[in-house]
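You will see two complexes here that share subunit A, one where it goes with subunit B and one where it goes with subunit C.
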Partner chain A sequence: MPGQRVLNIDLFVNGLIMGSFYALMAIGLTLIFGLLRIVNFAHGEFYMIGAYAYTLAALKLGLSVWLGLPVAFAVGGIVGWLTERTLMRPLYAGYASWGLMKDEYAVVVTFALSLLLINLVDKVIGPYAVRGPGLVDIPRIALGPVMLTGHKLIATIVAFAMIIATALFIRYSLWGRQIRAVAQNRLGASLAGIDATKTSSIIFTLSGALAALSGALLAPIINTTPDVGSFPAIKSYVIVVLGGMGSIPGSIVASLLLGVLESFGAVYISYDYRDAFGLAILILVLLLRPQGLFGEKGREV
Partner chain B sequence: MTRSSQQRLRDELVASLALMAAVAAVPLAVTNDYWLGVLIVSMYFVFLAGGWNLLAGYAGQFSLAPATFAMLGAYGTGLLAYHWQVPAWASIPAGILAAALIGMTLGRIVMRLRGPYLALTTLSFAEIMRIVIGNSYDFTRGDLGLSVPALTNNRLVWYYVFVATVVLMQLALYALLRSRAGLYLMAIRDDEIGAASRGINTAFWKTAAFTLSTALAGLAGVLYAHFSSLVSPELGLILQTGLVICMVFIGGIASLVGPVFGAFLVYLASEALREAGGVQLIVFALLVILIARFFREGLWGLARRLLERPAP
Partner chain C sequence: MGTTAKSRILVACGAALAMSAVFAAEPIKIGISITQSPPGSVVQGTQVKDGVEIVKDMVNKAGGVLGRPIELVYEDDQGIPEKGRAAAEKLITRDKVVAITGGHQSSVCLAAIEVAARYNTPYVNTNCWADAVRAKGYANVFSAPIYSSRVAESVAETLGKLGAKRIVAFAENTDYGIGQAKAIGEALKKMPGVTYRYETLDRAGKDFTPAILPLRADPPDAVLMVMLPPPAYTVMNQLYEQGVAPSAKTWLYDTSGVADYPDFWQNVKEAAVDMLNFALYHPGMKQPPLASEVAQAYKQRTKNEPNRLIFQAADSLLFIVDAIKQAKSTDPAAMVKAMESMKFTGTRGTFTISSKPGNTFHQMMDVPTVTYQITAVGQPIGQTTLIEGPGVPLDVKQLKKPAK
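Showing the complex of A and B:
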């Protein structure tokens, strides 16, 4: 049936597009959760803040939408930097003496931070959904059998460009190499003269900025509300765990896979339960492949 | 358990019973149905906070699903009454049992996960449960919620049912924490490998803590279902779990009285602040961050420190 084939291609392409936004978000979390092993439940709020920054910069300040993207990127970076600076420092300096375990401290503090940011935005900007203007004003582009809005196409290209840039940055730049060194072994890296605290700060800043950019790119497609970040955040965890904890190529592949799976699942299995698929995958991977959770091997000093 | 920590536990029990005695005396002064209702809902949260504190504060297992088990308990009793007209004397224990059994199964499964992995798995479980219940319209009536026959509409009767049950819970928790089992749980929290190497069956005790904690959440859920005569998936919102965590941290984690105090304080304050413009969650979240960052023992710890300062 040709109609069926067109539908499948359409689902596949749309899945890949969603996957590229997921990837942008998941890379930031890969760095924090996969490499630093710090859980951050406020990651979705970085995304939410990016969506708001983009929308408000365009609608309230009247900036060009192309300026809205760097604004969102910068705002997300600042929030990420502040989070690390004010809340994460005790994690490196023997918090155990306080009696509350390190991981549990991060769980509680970032969970509360998420609650704080959601309600702060709710109070300051309002609980109503806002929608950002598209990057280009082309309602329909035909890409072979697939119909897309102009914004979706451009946003996907931007997302892929940023993903590649980030991957190259982590792989080849000095800071990127420092990040990987700290991820492998914090003590070892600092013995080799790397400022581990500064590196963590860079990771959080980058992670916040990428999540915010992902939110900004999606702002014209989704309805932005203060709690819009909770599902993308959970999905990012699914991706990070699926992608093998800390591997950036792994998380990109996992993002695209999840995007496509959800796109097909919503049509062929059940639309109402579409958000439950990823969660079920997360639980299964955590339980059945715990050995797959520990990305790159640490090195002893 | 050393003498002083036994003494401390007894102090915490006495403080929480004194608090409940004050709560029991409230209807003498307040006859307003609305405020009695607010206090009853506060006590619903006392069960959740008490159960979560047992699991997180004493056994060190940070689950992110306490509200989910209240929802499961409430639906357990609600569905039995709705579909099969099961009377309350049977559906109430059945709801608690359902929550405890699901909790035991989940506890058994997530046993080997720690820290962030445990938090993530329980959070995913919580969301899946809410999505499934919210979308299974034919069986659960979905987001519309399920009506449960009210046992009595007399607020005062409900009020004292909740007070008495909270007192029972506190006595039971005290007995548990004083016993060997309490020591095992705290040993697992402080050093799981060390505890196992001294012959403690950590798998068993962690599952037991999970089961008890979810049974308490289930108890909260069934009582709430019959009190409000309505259950809905909103009982299991992550936000509700967030409130429970706020309560435990603000009141003082790993103490008997902290969660009780925290639940009343947070819920009453949120009622009061709601009228002042809905800033309650901003305040609580900030407080939790500050307490976790700088003063882990919460308000009860602060009070104790002031009381215990030796006389000059």
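Showing the complex of A and C:
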């Protein structure tokens, strides 16, 4: 049936588009959660800050939307860097005498940061939803059977470009190699002369910047409110575990897979269970392949 | 100094003394349970707060009630039922309020009235549309806003006049959304040849395209929106993006009154043009003089145009104040008795209180409604095409559809 084929193409493309935005969020979380093993409950708020930074830069400061993207990226990076410097460093900078377990400290402190940022934005900027201006002012275009806004098309291209750039950065740049070394063995990397503390700082900065960029790209689509980050943050955790803890290619594939699965599942199974598909797949993968899709089995001594 | 000047000074001193006597008296505390922080609708909470603050100032300026000023005690329910229950408990037991109002989300109202019923504290529902709030039949619970089955009847009547036969609703996954979607389904059952289904959408969702895409291949006659902002805005934008509605084939019909939210036009542009709206306020509708006073105060306070929530909040508090006046007491039983028998005049008109069990129990009857169509981007409500309202019979001939 031609109608059915068109619907399937639509669902597939829409799934890939959403998957690309998930990926930008999830890569940042992969770096923090997958590599540093730190649970960052405020990751969704980095995304929210990006959406507001882009929108306010364009609407209140009158900047070009194309400048709004790097502004959001930079603001997210700064927030990520500040988070690491002020809140995360006690985790690995000799504060053992505090008597707090590392994981518990991270959970408590990032949860508090999340609430603080949501309420701060609510009080300072206001509770009203704001929609960012699109990167191009084309409300509706048809690409063959697929209909979308001009902004969505451009934002998807930017998202894929950023995903590739980040993957190349992690793989080939000096900082990227340092990040991978610290992820493999923090002590070993330090013994080899790598400044592990500085590397953690880079990871948080990059993570914040990528989440904020994702928020900025979605700002003209999602009608931003202070609590907008909670939903994508949950998806990102699913993606990180699904893709394999610490695997950037894994998180990219898992993001796209989740986007497409949600898209098809919503139509062919039930829209009501759309958000459960990711969790169902996650349980299945953990049962059959506990290390995730791209994770590697390892042993520690 | 002339006699006139002396008498003016004496009158002023007398008034000042009277006022100081009022404000020396112990205030009457009234509890306001609203959403002041996420995840609930802080936008609605802010508007309810504005509405009750305006009335509080008006009442206190006029000398208070029974010679005592009123004091509003706020609790933040965050739009979460458990928090709503806790808020009611705190207001009654810790703050000793004489009545509670402000509730603006059905799931929160449903939780809070359980507590209010346990303490027999008068509870005036400000904006909870769910029939279930009335159907519980609690003697101390009264409702100022419209109710779901009444909205459903009005929407069904309009759809009937439009000749819509295949109707799809997008409803948010809340007590309000699901209850309203079901009520519309019930009302449409009376219309022969009509097929109706509703899809529940998560309020936290950001991409509703998979729910919309199947409609592109098989467009219905009307898409009903049973959602509140901000997800309502996202759905509207995505319906427009996919070319589903409004279109030459399909009406887009909002049944939740989203067009008068202050952030509406910031979030929805082309997607709202040609949309039909069920609403409870239109600047063109006839209102009592008190409404102009409240509207003026609201404009001064916020620089925004008033909407139904301001008037509903104002009426909720005025209703409590009138009940205290009529009962000449803040005793809960006396207030409830007064509320049941009152003919109440507020900002939206004069209402009697129904005592019929079911969906209208303790409901302010005949809440005025309007239906209008938006015809341009950024259009103020006052300039939309009013097709039905108080004294204006439904006329769908004025409606227009997009060319494609």
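Keep this in mind: the second predicted complex is superposed on the first by the 270 of 301 C-alpha atoms of A that agree within 3 Å, B and C clash if a C-alpha of one lies under 4 Å from a C-alpha of the other, contacts with A are read in each partner's own complex, and residues count from 1 in each chain.
Criterion: a residue touches a chain if its C-beta (ideal position, glycine included) is under 8 Å from a C-beta of that chain, and two chains touch if they have at least 3 such contacts.
Please read all numbers here as calculations on a predicted model, not as lab measurements.
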item	value
Partner chain(s) touched by A:M18 [first = subunit B, second = subunit C, both, neither]	second
First, second, both or neither for A:D272, with subunit B first and subunit C second	both
Touched partner set for A:V108, first subunit B, second subunit C, both or neither	first
Which superposed partner A:S230 touches (first subunit B, second subunit C, both, neither)	both
Partner chain(s) touched by A:L116 [first = subunit B, second = subunit C, both, neither]	first
Touching partner for A:Y128 - first (subunit B), second (subunit C), both, neither	second
Subunit B versus subunit C as contact partner of A:G3, first or second or both or neither	second
Contacts of A:L187 with subunit B and subunit C, given as first, second, both or neither	neither
First, second, both or neither for A:L282, with subunit B first and subunit C second	first
Subunit B and subunit C contact sites that coincide on subunit A, given as residue numbers	118-119, 122, 230, 272, 275
Residues on subunit C engaged by subunit A in the complex (per definition of touch)	37-39, 41-43, 45-46, 173, 199-202, 204-207, 209-211, 213-214, 216-218, 229-231, 233-234, 237, 240-243, 262-263, 266-270
Contact footprint of subunit A on subunit B as seen in their complex	56, 60, 62, 64, 109-110, 112-117, 119-121, 123-125, 127-128, 131-132, 135, 238-239, 242, 245-246, 249, 253, 277-279, 281-282, 284-286, 288-289, 292-293, 296
Touch list for subunit A against partner subunit C, complex	3-4, 6-7, 10-11, 14, 18, 118-119, 122, 127-131, 139-140, 147-149, 152, 218, 221-223, 225-228, 230-232, 262-264, 266-267, 271-272, 274-275
In the complex with subunit B, residue positions of subunit A that touch it	33, 37-39, 41, 87, 90, 98-109, 111-113, 115-116, 118-120, 122-123, 230, 234, 237, 241, 272-273, 275-276, 279-280, 282-283, 286-287, 290, 293
